[in-house]
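What follows is a group of structures, each given as structure tokens.
Across the two complexes that follow, chain A remains constant while its partner is chain B and subsequently chain C.
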Partner chain A sequence: MIEVNITDTITINVDGNLAQVPKGVNVIEAMRSVGKEKAIPHYCYHPKLSIVGNCRMCLVEVGSPLKDRESGHPILEDNGDPKIGWIPKPVIGCSTIVSEGMHIRTNSATVVESRNGVTEFLLINHPLDCPICDQAGECRLQEFSAEHGRGFSRFKEDKNVKPKRTRLGPRVTLDDERCILCSRCIRFSQEIAKDDVLGFIDRGTYSTLTCYPGKELDNNYSLNTVDICPVGALTSTDFRFKMRVWFLKRTKSICTESSVGSNTEIWSREGKIYRITPRRNDAVNDTWMTDSGRNLFKAFESKDRLNSYTVDSVKKKLDDALVATASLLNSNSIGVIGSPFSSFEEQFLLKKLVDHLKADYEMIQHHGEGDGLLLSEDRSPNLRGALINGLIDAIPGNELGALRNKINQGEIETLIVFNEDIETLGIKLDTLKETTQIIYFGSVDNTTAKYSKVIFPSLSVFEKEGTFVNQNFRLQKFDQAIPAPNGLVADRTILECLLLRLKGSDSPNPGMDIQTLWSEISEHIPLLSIVNWSNITEEGVPLESSDWSKLNFIESDNLKYKSKISLEVV
Partner chain B sequence: MAKTKVLERKPLTFAEKTFLPQIASGLATTFVNMFKKSITMEYPEVRPVIPDKYRGIPTLVKDPKGRVKCVSCQLCEFVCPPKAIRIKPSEIDPDTNEDRSHIEKEPKDFDINMLRCIYCGLCEEVCPEEAIFLQDNFSLSGYTRESMVYGKEKLLELGGTLPDKHFKWDKKKEAEENNPINH
Partner chain C sequence: MAIKQQRLILKYADQPGYTNNIECYIKYGGYEQLKKAFKMKPEDICKEVIDSGVRGRGGAGFPAGMKWKFLDRKSGKPIYLICNADESEPGTFKDRQIIHKDPHQLIEGMLCAAYAIGAKLAFIYIRGEFFEGYKILEKAIEEARSRGFLGDKILGSDYSCDIIVHRGAGAYICGEETGLIESLEGKRANPRIKPPYFPAALGLYQCPTIVNNVETLCDVKHIIEMGGKAFSKIGTPGNTGTRIWCVSGHVKNPGYYEFPCAAITLGQLIYDVCGGLLPGRKLKAVIPGGSSSKILRADERFEGKLKDGTSFDWGIEDIPMDFDSLAAVGSMSGSGGVIIMDDTTDMVEALANINYFYAHESCGQCTPCREGVPWMKKITTRMCNGGAREEDIGLLTDIADQIAGRTICAFGEAASWPVQSFVSKFKDEFVAKAKEQSLLREKGEVSNQKPTLI
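Let's look at the complex of A and B:
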């Protein structure tokens, strides 16, 4: 949400109407700020990249009120209006900064003719293979050709032929004929990914996008070039020819790869996810995301996904599994290994369960290498959520603490495990089986699942709704994109049912809806007292983080995060 | 309210009471029609002449060189009002299809559910490759619902080849080969 400060705005005149726009932005952004972003078509301009102005599509007419050079008084027309000195030819909107009193014409005859001319030139060598082009349906050239094209071609000569299937990298394929030389991908590689591998070779209509000799576009941000390509030149090798975009349903979601919590959009059709793309959020990920984050949905399509409730390796109904679990939870010593991959709501209910059972709670942090951009060192989406929920009050290490010794000494009778594989946590499995009964919430079949008495298959982030708290303590909402397999229910509902059962009610609970749960959350957690499910916006809600300012989080500086150390240096 | 008019029924005459004139005139009609040209036909042994542009079942056609024309753009799937069409796109394997590899895309599966199809012809109208045509066949039968979902092979068999004067993709390949700066 852009809050326009009155002192920082100027008044311009767009097509005869006055408009208040922020100071210092270009004409395209000024139009966006007054909700008329469609008024100026453009290809090469991207809000997060430098301005080159080489597509010429955003041509507009610009003028300013004339002033008398000696007296400084405005020169007036005969009818008393100020006389406008129009620049005699159209200028590009992307590199024209708005100034006080500026007049802009976005749909005059000259402007329309300019756009039509630019479109005609762009289409001269365009192959027009929309039927086989993956960009069809989300292609700027297709849209603007419909608006500004002429429907027939005056170009009688042979079209240029360029290579159709160049491999730029492991994930990106280039169709050179479709390229309109906007250079967005080149600027992205230079400025954002800092991996300067792309460039144009040859001149004029023979210009071709290519990688530098001996290099390829293989950085972890290469698929962003596909997203920002306004035409179908750069295509994702993975998504290529899989599905037309107009069949896909878009769901707003959050990337679970690291604590950055990039905002994403899930593109699915009939319960199958086809691709994940970034969603713009200037406070989190701008318009980018990692390549590795786009592949996360494939882990849940694997064959070793758990898909039924089991008790003693026998498939059971949910109710039977709940009965078995409730009887296991009657024991004296209960341990819980939580997960920073659980959603905020699941952690909230888990906290209630842990308090009710007086169980030992521990969780581990997942460490990885950060890249200083959109991949942080903390490879889990919701560690901050566990802090806010009060499950933990310090940053956990990447190994278990006291709980591990207790388990290994056989002091824990019932162990609840969320998502983790206890084999990797230094727990002696051979003695475990005799002393401890395990209740496992997880999505993938692993050693823990083999040793578990009761298994509750977890849903992926795509199959449930909830919230995560990212590295900057920003509460972000994700929606359900695809239905859960086999009628499974979310961990949230199972935890609710367990809590009800333990409190003596054995009425089958269909599960609270998330709005009711959130009204309970805002009652219990003072930090979230004004937050409820419906007022968590698409941009997320920044939360007050001063309570945890003493903690040393492991993230180093990245795109939107300043670590404590670097803040102290400043 | 409309006024009702009561019609008086006249009593039958003597001739009418015997029914003979009516029988005679009825038989006259019968005998006249016995010698006229029949207006019904013994379907299905005898089939009617189907007019041009009749909208029967949709089928896939091949070009005169026997190649699949469909590039699986899925516009027919999109436009189909009863959602009878399902397409699974795939990439043409350049190793086994040298003359078609530049087209890049072809349907892996192309299913039309003939129980759903309403013969509206929108698929034919929307097809940018002129690969789908409504044929003159209008009566289909099958023992199961599954057998009424026609797959790609069956649709191509029913469609046959169609004279094509454009050869759009051949021209494209020719331009590629004659290009002076062929990369």
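Let's look at the complex of A and C:
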């Protein structure tokens, strides 16, 4: 794996043009750094995996300025240019590290001919089944075959026959005939997932990818092998044959599975999500994500999702639900159970509401087992957001604190609950039923919903836009991928309406867009004074976190996170 | 007229009464050089090896002293010595003779080399099919250990070294040094990319490692015995020491014959040493250094200049048997496997058999070799089975050109050179076969000639 150091650069010569590139990177990354990643096609090289150099697609010609052996002075051509000593054979760009003054030819006759040769070789035994192949449209072999190679076949012999539908694991299906043996999946399993179950058997042109006998590719990162497979060999059992990728809309999003906040891409069409894939962010998830995170969208397709505003279990319009809520909030004892699943914007408005109502606010933490990679112990996406918003100033526990006692003693008249299931919070349901009116913001039909006076169905992360703050205090933006069902609006809008109504305005949806909301946020929160909606980049914004450095966050070390405990040990 | 061999490595091997047990070896002066080596400084031995000019006997002919010089001694990691006994190049059977008949010579040579490079552990990676050789080596190692030549504090010195014999599992690619290292580590023998994995720096277990051929390591013993300077006097400058030529094919007396480099010509080897061709046959071609070396046509004239500038004009029989001369005529001395072909040989069939071998042995790691070599095999097999087409000839060369120089290891060249040289030098035969077969196909007939394919 190559770490790119932007500050230290060297000058190289690419096809006759000078280029400033980072020091210590390989030729492929050097070309990427100057925006010419297309100049060197490759299959087996992956920036986050070890280098094996087996596909031979990235062959380039490389030379260095010659020096006089005795004096050490550069040898010059007649015209005064430095004389270049070209390596007689083409070399692979993936394992060649750039050096000062290096000359690279990415388009010479030798290089073009080498690529054409490799392309021809890869195709001779490759089935010509692009029309029925799931990878079509995002297949490196398909793309490079269009750009390189002859365009006709000189192969008159019989093609090799290999297994077509091997089940590698519960989520991954393998077509061995399409495999170009780049070994990316094997290296991923060894080096990243640390679950060394894949390997080649047989030799030469009969080499076949397979699982070790008696084992399965069933780790929670198995679908990453599908992502990095440059051809249609490894396919997602869930996604295969469902949709052509070029019909799908791609939306940038954030995974809500844990505080890691993996950057993702949502692939959808006509309001339906077909798959979720990781989006590269070297500060967060590199190019990976969990299998479980890819399936989160299915929970929102289930039948027990709440999909209409109700008051006393009767379907109502949003305005009626707001009126009912406003009257419930005309009370002296209000409790609010917030959620680390709410977006940063929702938490900001909730904080305003809590302050306005002088309500008791509490939040619980969602705890799970971490895997040391991209699934952290904190199974919520935005606990840090609540800290920054000032909703909380300590790490919440797994259970409610003082608020629970108040509820159990019947001291809370109105309780607003975000997401949580009151059954699991240690609340005496009998007392609650007698004394407390519940306003529920959530998407799941649970005990809270059953006991609620008013229900505002929440939207999923795919149906709204906003931000989360991840484990490393990185503010990350997600866009809306699909429309909300049944004309539902986001919690953010409901909170805005509620705030206006409580302040005496009867006007319906104020329609405050997220830009305006963010100018308010940056006005109120000093930490975010220079942040606005439009300058939150795809990579996210790292925030200053020293205010919270004394807190004991529950996450242990993972791919990009160092827990305080381990830092002390070091 | 038979020319007498001048043996160095196999000096005693075939003498009546000479056996491969340690008593016999010691009786003939065995392990004396190890004692001598221990009185020298390791760096002095390395210098003697450089002075000797000895070149690797495995195939590439790289100077062994230079290879040792590249060893990374500052890494602080252990240094390993590996003896490459994975002798699998078709036409080569010299290491097998040494292992079977004089295993202690190899062990002594290895211990001298290990002491010189500072290795505390050495391996013999022996070809899986050499089961007999494996047993002989194991026995010899036990004998050496019981006599204190091997193991802890050898001969009472502070130096300890052990030798482990590791059997391959039957793959030609394990003879490629980085493939061998991978295999020794217990993995598939996929050769490593160089850079960065040069064995002298990042070899076995990512530690500095020297991999030498059996014959090369035996030479080390003789270099210590006679001194590097004296060794370099055998043969010619740049082509020092003796070589064991393994002659196979259409000669009366195939076998292994040891001569100083350049002491004989190819003609002398065929006619005087091996008794010439079978009655009534004419020489057609010679593969001089194992099946991967480029073929030489009997009626070729070889003109050019040697490294030192002297010009030459040779017929095939005039070529001196040494590294540089065979390289100068466009082939190589390789592993010393000289394959003689007479006028009964069908060159298309011969190439088809060579291609079969390389297609079978390609490790399958990198694209050009994995896909290209079996493609060439499929073409030549078809050409032998009545499906030859004229366009196959250009196609074969194209494929070979697309492989050579584009692969991770030298296997790409090894598989391409035969195709390139067979097709360019015997194009007439390939064309004739294609024409004849297309004529037969047109008539709907089948050739009555049955191809001899492995």
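Odds and ends about this structure:
Convention: the second predicted complex is superposed on the first by the 562 of 570 C-alpha atoms of A that agree within 3 Å, B and C clash if a C-alpha of one lies under 4 Å from a C-alpha of the other, contacts with A are read in each partner's own complex, and residues count from 1 in each chain.
Everything that follows uses one rule, which is that a contact is a pair of C-beta atoms (placed from the backbone, for glycine too) under 8 Å apart; a residue touches a chain by one contact, two chains touch by 3 or more.
This structure is a prediction, so every number in the text was calculated from the model and none was measured.
With chain A as the common reference, the superposed partners chain B and chain C fit together side by side. When the two structures are aligned on the shared chain, A:Asn307 is found in touch with neither chain B nor chain C. When both complexes are overlaid on chain A, the residue A:Gln515 reaches neither chain B nor chain C. After overlaying the two complexes on the shared chain, residue contacts for A:Ile132 are found with chain B alone; chain C is out of touch.
For chain A, the partner that touches more of its residues is C, with chain B and chain C as the two candidates.
In the superposition on chain A, contact of A:Ser331 is made with neither chain B nor chain C.
Looking at the shared chain after the overlay, A:Lys164 reaches chain B, while chain C stays out of its contact range. When the two complexes are overlaid on their common chain A, residue A:Tyr206 makes contact with chain B and with chain C alike. When the two structures are aligned on the shared chain, A:Arg154 is found in touch with chain C, with no touch to chain B. For the combined arrangement built by superposing the two complexes, chain A sits at the apex of an angle of 90 degrees to chain B and chain C, based on C-alpha centres and given in steps of 10.
Once the two complexes are overlaid on the shared chain, A:Asn535 sits clear of chain B and of chain C alike. Nowhere in the superposition do the C-alpha atoms of chain B and chain C come closer than 14 Å.
Overlaid on A, the two complexes show chain B and chain C touching the same residues of chain A, namely 158, 202, 206. By the touch rule above, chain A contacts chain C in their complex via residues 51-57, 59, 88-90, 92, 95-96, 113-114, 117-118, 120-122, 124-125, 154-155, 157-158, 180-181, 199-200, 202-207.
Against chain A, the residues of chain B that register as touching in their complex are 71-75, 77-78, 89-91, 102-105, 128-129, 172, 175-176, 179, 181-183. Interface of chain C with chain A (complex): residues 171, 188, 190, 193, 195-196, 359-368, 370-375, 378-379, 382, 395, 398, 402-403, 405-408. Interface of chain A with chain B (complex): residues 127, 130-132, 136, 158-165, 202, 206, 208, 240-244, 246-247.
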